[in-house]
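Presented sequentially are two complexes of chain A, the first with chain B as partner and the second with chain C.
== the complex of A and B ==
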């Protein structure tokens, strides 16, 4: 079966018909993980349990009783989701060796439907960052760094087999999950999205990255960054697959009081052919400073694509967009300071050897357990929460957040169905260049196009669009109305079909599955 | 010397009587093995989220209504941050901005003087009632330089009841707390047993001269009984007066009551002002309560709390019960207080009244003097009384029918306390305590006595 085929249309059919076995799929993915180890996408590979799950799935298929489309499908989970019996580290010293006694609701749902959990993917420590470069297990490498497409466009190096040559970042913070999906080591992965952490790496790694509406998918078991903005994110190779995952994960969870009570009905995406009734908004503020001319051109081309197909394309304004970065900074750091307070070395996680007093033990534990980025945000957050600062910063930021959210309400009320924006300012930067600036600066720059959707709780999706001049993926973002994922994904699917984004040409993947390249389309969008 | 006006306010934490904790499903139980009642959320495992316990909200609404509060139809939850071994998350979830109930009042009565002859009724304003988590317990083992932490109590639901500084002394505070205790126990919203930590009281005390602004206040903690509450407050008032009269100043500090020494001492680990960095609890939406008017038609009533529905089902509060006792039985208000003050005593009294022809006004004396003093002497509760209401009623009937004298009745009662299973009638017969009704028999006895004591009779006749 084609590893890049859609779950519903191809892989599931292949499994049901016995053309491929779950254990075979699992073995292939595990082998590919081994041969792409240099990507550093996985922190923990759960080989034994994955094979066992694959075997159980195989039994079910033999009996003709698969649990659903996801039965036997290998998936990866970002290492900030609790997985019972499998280490959950958040790429931090604080949780190195921490084995959670429970599964996050989304993990449990996947397991209940027979999915095969291959392992936990790498991230920025505690999901703080936009490069997946600041975790204790080292940075994640973008698989496209090793693609034929990228190598062809870059200055020829003396050692083409040298893995150390100028590799590019995945973006973050769900870089490991994006890399895992992009390099075919799994069929789908869970990420998290607080300011763009699923969409950003999806854009840089050329995969679909879906941020669902806040409150649609349970956060129980997702180790929080910003409770009022976090959502579990879905990374897949095509929009249809994202819809499958969404269908298996969405819905009220009594364990998470911020999930909505309404019933959720999973849906199949229609094949949209007529976009004449669609109104697409182009928010002018998303022409942000630093946006590369390449991406600007691509965005414009995409708008034309919709117009030429008969859709109504209008320029709209989200005037408070420029304030979202500082607003996000205040609210994010405040919540971080609060959420990290539980890491004191007493109940679980790292505990320092310092024994002079409880207070000194706390201080040493937290200094040893957290990296600079985390500590920096805790200090900022505590500053904003001080009694004398609370009104000035936190409350003010809450008010600005309301204004940002209202911008979207107004635009959607004016007849616009969906917004089209770039996802990132440019294609993936080389690692050596990315680390020239600190985490805070990078996050502030890179989150600018994705973060407002988190402020407003809206659903948004990155769709891989074209390759840049350097041969690296560039994606575009669609932002939809609250809880209108069906419409959002339908439009995204139509767009995906139009642009025909090329398949990554990775030597390692080619070795494992030549079928992958069978269905490559020659036409491409760029 | 100018007179001093003491000012006393109270912060009372009442543990909610519920099966499970405020935000998690682990059990609530006193004196369970350490760390045996701790859910993942209680232990603050990363990724766990709070889920509000309906029963705790109902308990708070009931209490708010009983204390004449306005129930806020929308209230909010906040995080209060500080680091301590018994607070696993590094913050407590409480209600700082908008609590569940505000602006109530509590009426309480106390004796005007030591003679317990007359009662006066006072009122204290209730500022607010808020829902919040209890902390765990930490035990400091100085010999081994370690701290032992038990999280069984972490996350148990509390109602914090804030009483405005309307009280003036230990006695008033004690009476107010006692009345609150009775109310909570009547409602069932808290068992309010101080010895089991279900009711904890902190007192805010200050003194000032009349006409001048309020003085600096101190907070007094570590008070383990109502009796100690009065002592601690009165001590602190005296201490402050003496300090000020000697030209000293009062520090805005927290002091602990030392029950052995009978004084308050500064608490070492509360130095400096804490900034709790309050922040809204992002994982709990605002708590919305409804009443009959605002309740939407299609709402699943499992999912909502209707304040009016709760109000209709409130039991009779102690003040109402007392009034009814006074009206129904013609007893004094003071009597009704004592009846309600002892667990089960009012029921015992009513039971006796039902089973005897003796007027309640006379029964009450037997209950409050004879029965109660015996129980107190032997540290027994009403439930543990060896004399049942049936037996006492039986005895009182003999008295009422004039078959025995009042003195004889006391003798019989003394015998009944032994709990040997004899009926009053059997004891009367045994000890020959019957009152003689027969005139002739009486004359015969008198003549026999006179005949047997001739010399004494002659002496008496001669004067």
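== the complex of A and C ==
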């Protein structure tokens, strides 16, 4: 039962009262990781160190001195965060075998609170992608592919072997983290979000995915993609848990000068009952081309839900939305071109055997270490940064970025408290279908609804809402004002309670504890 | 408007990453085409935005005090080639061979 409960309300209590021991929790998660290996959610499982951390936690509970709610809680971390003594690969040949000499600040914070680090999760190579399909360790499979809910809706195939090829993607790039949380192998996971990389897989895997305000959580130790947009992301099974994680991670870090210096006070989420003072904005441009009619209907239903509960629901306009993807494309590739320059084989990572000259060694190392997606973005980025192109593309994109950010400022100034939008255009695609288009095309399509929040640095969250006709999760997104995570999460929690998203019924893996939530399933949203 | 071979070669030099094949070049062409949509937006009088935190003056300089370090051993551990406390690189100041002299897909263009 503990495996399904909220951290603050159930798991922490169970640990404190001795109903379950940290080592037990750890063992169960490790066993689950083993039995769900086919999901390919984990790149590295740090079994020994995790068990040791769990033992230390157990000692603290025995002494009655737990460090906090996270003490003894098994968590997973996306493999683009540095973890001391544990391999950090970014799912790339460039960093295979790289053992981090330090912990990313967010990892250190979790460990300082007694969290148990189970392992590093799979992703698209260097977090570039929206499917978690383009890493060197192979694609991540969405746990919902193996759920009763999905299988019931699948067209029976003529050949039993086809069942295997039916699996759907997790979305990306934090697919491993989303899959890990969704399949109960950990209680929470860290992801990263540059264009939607936490919210997109959260939507496809039916979990909560929070992108905090840029500058709230330290990026020190997060291998950077786009310095002006990257944020660590939080993936959990419920909004309350996201608030707990946020509380332990947010705050100024002297090692990351892009974190704001204001004091951050961790908060507990109130149980909102009265939404009559809330103003919800529905940005019309988020009715993007390609949005499935199913999700459109769900979005509309959600708006009605707020309206019927007494909230003010208004249509708003963010006119530059259609350009955010193009803007992102230029700024992202430009920053990537710069950030990837550090990989030259000298100080860490892969090094080619080429010895003729420094430059030829660098070139060979990078040819051998990076996949096509990464190399493509580096080359595009360098093109946009050429002297003859700098004003035309890079500076132009920076100007468009301001216009996009201003759109949000105007809307929030007009009295809107929060925005409600879809997170993805459709439910998760089957892998065989997804790989028919190249990474850049897919990213451009899939990031459309999530990307603008990164442009403007705003906090945003995916809340699992309902199951699609195919039996797969669909989520909706809330975007809040800068640094107003408390309001954002409070509304998200209220919404979560209204929709009662069903628990995944994993078939291949025996679920002993799902009966805990039986009583919630009766009030399903769709 | 196709990108010239000179620019392609220049990019390979700057990025120290190669296009590898026609697909790589096509990828760049498509990326440029996609980016050209930016020019539909009127940005007269708009300042470029470097950081969303520009109003908060958050980027600061700290005092030049040594607060950490002495981790030479850890830092050298991940390097493949080293001698004492040095990272070892092949000889520098040797430019990459010119287009005609090296094996690159671009030769055929």
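As a convention for this text, the second predicted complex is superposed on the first by the 505 of 526 C-alpha atoms of A that agree within 3 Å, B and C clash if a C-alpha of one lies under 4 Å from a C-alpha of the other, contacts with A are read in each partner's own complex, and residues count from 1 in each chain.
Note that in this section a residue touches a chain if its C-beta (ideal position, glycine included) is under 8 Å from a C-beta of that chain, and two chains touch if they have at least 3 such contacts.
All of these numbers come straight from a predicted model, not from anything done at the bench.
Looking at the shared chain after the overlay, A:338 reaches chain B, while chain C stays out of its contact range. Looking at the shared chain after the overlay, A:82 reaches chain B, while chain C stays out of its contact range. When the two complexes are overlaid on their common chain A, residue A:228 makes contact with chain B and with chain C alike.
By the touch criterion stated above, A:257 is placed in contact with chain B and with chain C alike.
In the superposed model, A:347 lies in contact with both chain B and chain C. Of the two partner chains, both chain B and chain C are touched by A:382.
Residue by residue along chain A, chain B and chain C are tallied for touches, and C comes out ahead. When the shared chain is aligned, chain B and chain C each come close enough to touch A:101.
Of the two partner chains placed by the overlay, chain B and chain C both lie in contact with A:358. The residues of chain A shared by its contacts with chain B and with chain C are 101-102, 228, 254, 257-258, 261, 337, 344, 346-348, 355, 358-359, 362, 382, 386. Only residues 3, 7, 10-12, 14-20, 23-24, 27-28, 30-32, 34-35, 37-41, 43, 46-53, 56, 58-60, 62, 71, 74-75, 77-81, 87, 89-92, 94-97 of chain C touch chain A when the two sit together in their complex.
Residue ranges of chain A in contact with chain B, taken from their complex: 81-82, 88, 90, 95, 100-102, 104, 219-224, 226-228, 254-258, 261, 334-335, 337-338, 340-344, 346-348, 355, 358-359, 362, 382, 385-387, 390, 394.
Contacts from chain A toward chain C in the complex involve residues 98-99, 101-102, 214-215, 228, 254, 257-261, 320, 323, 326-327, 329-330, 333, 337, 344-349, 351, 354-363, 366-367, 370, 372, 375-376, 378-380, 382-384, 386, 392-393, 395-403, 405, 438, 440, 444, 455-457, 482. By the touch criterion stated above, chain B contacts chain A in their complex at residues 40, 43-52, 79, 81, 83, 85, 88-91, 145, 147, 149, 275, 277-279, 282-285, 303.
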